[in-house]
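Listed below are the structures to be examined.
Look at the two complexes coming up: chain A is in both, with chain B in one and chain C in the other.
Moving on to the complex of A and B:
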């Protein structure tokens, strides 16, 4: 049994190693293929020039649209479309697109944009691939778990189309680099997952005069609009006031059915292709609302550009300098990255290791879990009391009575009962402790990093989600 | 004299009708608004001549939690952008659309 266990862990380890090597080799193959293609193109150009022609292979074949024989074959099904044709394809090949976020929306968007022949495709993301991404971020493969999403997405795009140029930006988009990065592209695709990024990207597009294909998805619903196009509105025209923190959630907090961002991401690719190739009618001044549960797609006409808009309005003084200094996290009261909040002083917090010691020493305490009840049902620490943060105010008396019970039982012994608060990642627990201390629970402390820290630092077998 | 009297009584009847008559509109909730109300749509009875703002007031009374997103929603009347002062008519469809930011 012991020996078998050793064998299987050895096999798993070797498998992982091989998978990683395979991914690296695949990446190398697609890079070399792309390089070969470029070299071949240059050689053809050189040959053409030396033969007395002044333009590449296309002209060599008497084709004045600029498509090479390979391109004609690769994109033939699009060329055959009367409403698309060779002119639109030629526009597409000359265009450049930046996709911000290689997650649920970016995955299908990137694959289609690479496949259809956008000339240059930029990908920016700071995150790494995780197992719990795989159900919706279909561009990534298991071999890339733990690796940057940009590397994984670029490799997948190259394996679909080795003839286009792909730029990898393995970094977070911030006010300090946004202007410089976005200015290198014709069209911007917002495939991010949080309000500060959405405002930042929209503002940046206004400053640079770039059209913005904006998609969003959560739970069972999706939204899609083209902003800042042809005198149309920007994101701020529509939403001048950011939603309160409680109203904006990430897929990692409230869940999403994988195919929902898939549908919206595909539609983002479609709108991008229309803009880049200059065909059809872009979804500007209109918003598409996708409701997966009732199988309904509604398109509502939205407002035009607002003359009062603080960024794109008539009297706006918003410039690049202001942009660089604008605090989008403060404006939206929402972190740019799913990082940790710092609400409480050190003395109001304990680490998961310290909490482990408290358990070991059997110190008298109450552990309050403030996650939503459906999270609590997935997994929880033993002997914890679940009162979701949203209901804490109305259920405070429950906490009081539980505390009182403990005090009564242990009336003669030791110091008073401590109150520890835990959540999933250590943000809501801080909000809860702040509220509890204001309400007279002076001993309340939160467990830093929540159950994720517990799993990482104390019990590696504790399930995370 | 007679003519004026007739006219004013007509006016009075009209006002009375407006006060007693009401319109029914369909309200559609999206995203967070749907979460907060717990329903995707409902039929709302309003006095005729009500504005969309009045409808929102009424909805917030029905669902106090809606206050949370009130400041950041896009309102669409019959699938077209609308303002707070637009008058709703019988069988109109009012969509309440908070932004989604997930992805």
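Moving on to the complex of A and C:
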């Protein structure tokens, strides 16, 4: 079967190569198409300017709303709506929207915003498309796995509507670039997945006076509201103090049913369209709570702007300079990007390669896996002890007794037993080691990058999820 | 006093994953009304089954929990001093961050 194995890996490799080339060609096509449209538009505009007209196509047809015949045809079903109509469409075409995050929420939001004719659409994300994103991040296709989400999302948006302008920001949003990027847009859509980003984006919107359409989803539930609009509250008015980190979960840690962020992302697009086109009642000072399992949607009244708010309140001194220097990761005790938490000094940590050597040398140790037990059941390293981080405090005696057993057995043979802590990505293991060291386990060290690093650097056959 | 309590955004995990609780709460001794302050203490004792620190901090809810009395933020009705009446629906919801 050796030969067959060789053949199939050859086929897989060639397939991968072809898919990549296909993605590149598709991207090139959509870029060129967009460019062609832009050039055509500029030519039309030039002609118009030389004639002293604002929109030649519109004037030629006796239209004073500025929509071209192509636009009238494309958006006709929206123009036909008495409560929307040509005026709202015209507002939409003149508006610009930035969607932060091209993930579960951003996917449907971006597709609808591109389709409905937002004039300029910005996309910012630092991440690449992964196979385990596909079930919910429906804007991406398999051909883009391993490629930047922004490139993939932009390509999808262009293929839906090549007549709008799409800005690609392939970078992480940070305090250093947020003011500059957000200032280029009329409306901001928060489609991120973590507390520090949410505080940072809200603060930035307050400083720039931009409305913020904020959505969140996890598991089977979603939440939606519009912040900083028309005298309404900002994120900090509602949540002046960040929640404890144990109450902050990402979809990549706790799971999510794909369609749940899909529903919230669609509603974010809807609220954005209402703001941009100036129709309807925005969801400001109200919050929509979506419970998918029980099929309940509740819309509740929330507080208005707080005069005591440290960012948008009456006596707030928060300014752009303070914003740039504000440490949102420290404020929320939560990393901006999965895997970037740095809680421990170097000497309290070891790499997965170093741990492999410890295994090979059969050094006396205990490996403590602090993931939730349902994670542990998916896959684990052999001879590890599972005590989830949430139960570590109450189950500390188990660890003590296991350590004692090892010490007793090996009483005469050299140095004391080392304690290594592992989790999925290397964040919880740091929290565990910090706690263990405070509780007298001085030898505790964590494995940098967790089981993902183990799979990436030591054993490529070790399953990741 | 018949009340409906609802837990969401993950808080239901603190009360055996049950989201809706129909409960009967008696007025505290010597009190004329039931306030949210009383109710929080009652919930802590009678409904919350684990990790109470994920629900309360001091005598109020922990940061990141919204309290809604009849679909209205309790900030608008006096927070801990809000008076609860027969058949009220009180929702405790943890804010979500995922996406």
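Before moving on, here are some points about what is shown:
By our rule, the second predicted complex is superposed on the first by the 448 of 465 C-alpha atoms of A that agree within 3 Å, B and C clash if a C-alpha of one lies under 4 Å from a C-alpha of the other, contacts with A are read in each partner's own complex, and residues count from 1 in each chain.
Basically, contacts are C-beta pairs under 8 Å (C-beta built on N, C-alpha and C of every residue); 3 or more make two chains touch, one makes a residue touch a chain.
These figures come from a predicted structure and were not determined experimentally.
Steric overlap between chain B and chain C is present once the structures are superposed on chain A. In the superposition on chain A, A:244 makes contact with both chain B and chain C. Contacts of A:215 after superposition: both chain B and chain C are touched. Legend: residue contacts after superposition of the two complexes on their common chain; A:192 is shown touching both chain B and chain C.
In the superposition on chain A, A:124 makes contact with neither chain B nor chain C.
In the superposition on chain A, the residues of chain A touched by chain B in one structure and by chain C in the other are 101, 103-106, 191-195, 198, 215-219, 221-223, 238-239, 241-244, 246-251, 254, 256, 261, 264, 287, 289, 291, 294, 298-303. Across the complex, chain A is touched by residues 30-32, 34, 40, 68-69, 71-72, 74, 76, 79-81, 95, 97-103 of chain B.
Within the complex formed with chain C, the chain A residues making contact are 101, 103-106, 191-195, 198, 215-219, 221-223, 238-244, 246-251, 254, 256, 261, 264, 287, 289, 291, 294, 298-303, 390.
Per the touch definition, chain A reaches chain B in the complex via residues 101, 103-106, 191-195, 198, 215-219, 221-223, 238-239, 241-244, 246-251, 254, 256, 261, 264, 287, 289, 291, 293-294, 298-303.
Listing the residues of chain C that touch chain A in their complex gives 8-10, 19, 51, 53-54, 62-66, 68, 71-73, 75-76, 91, 93-99.
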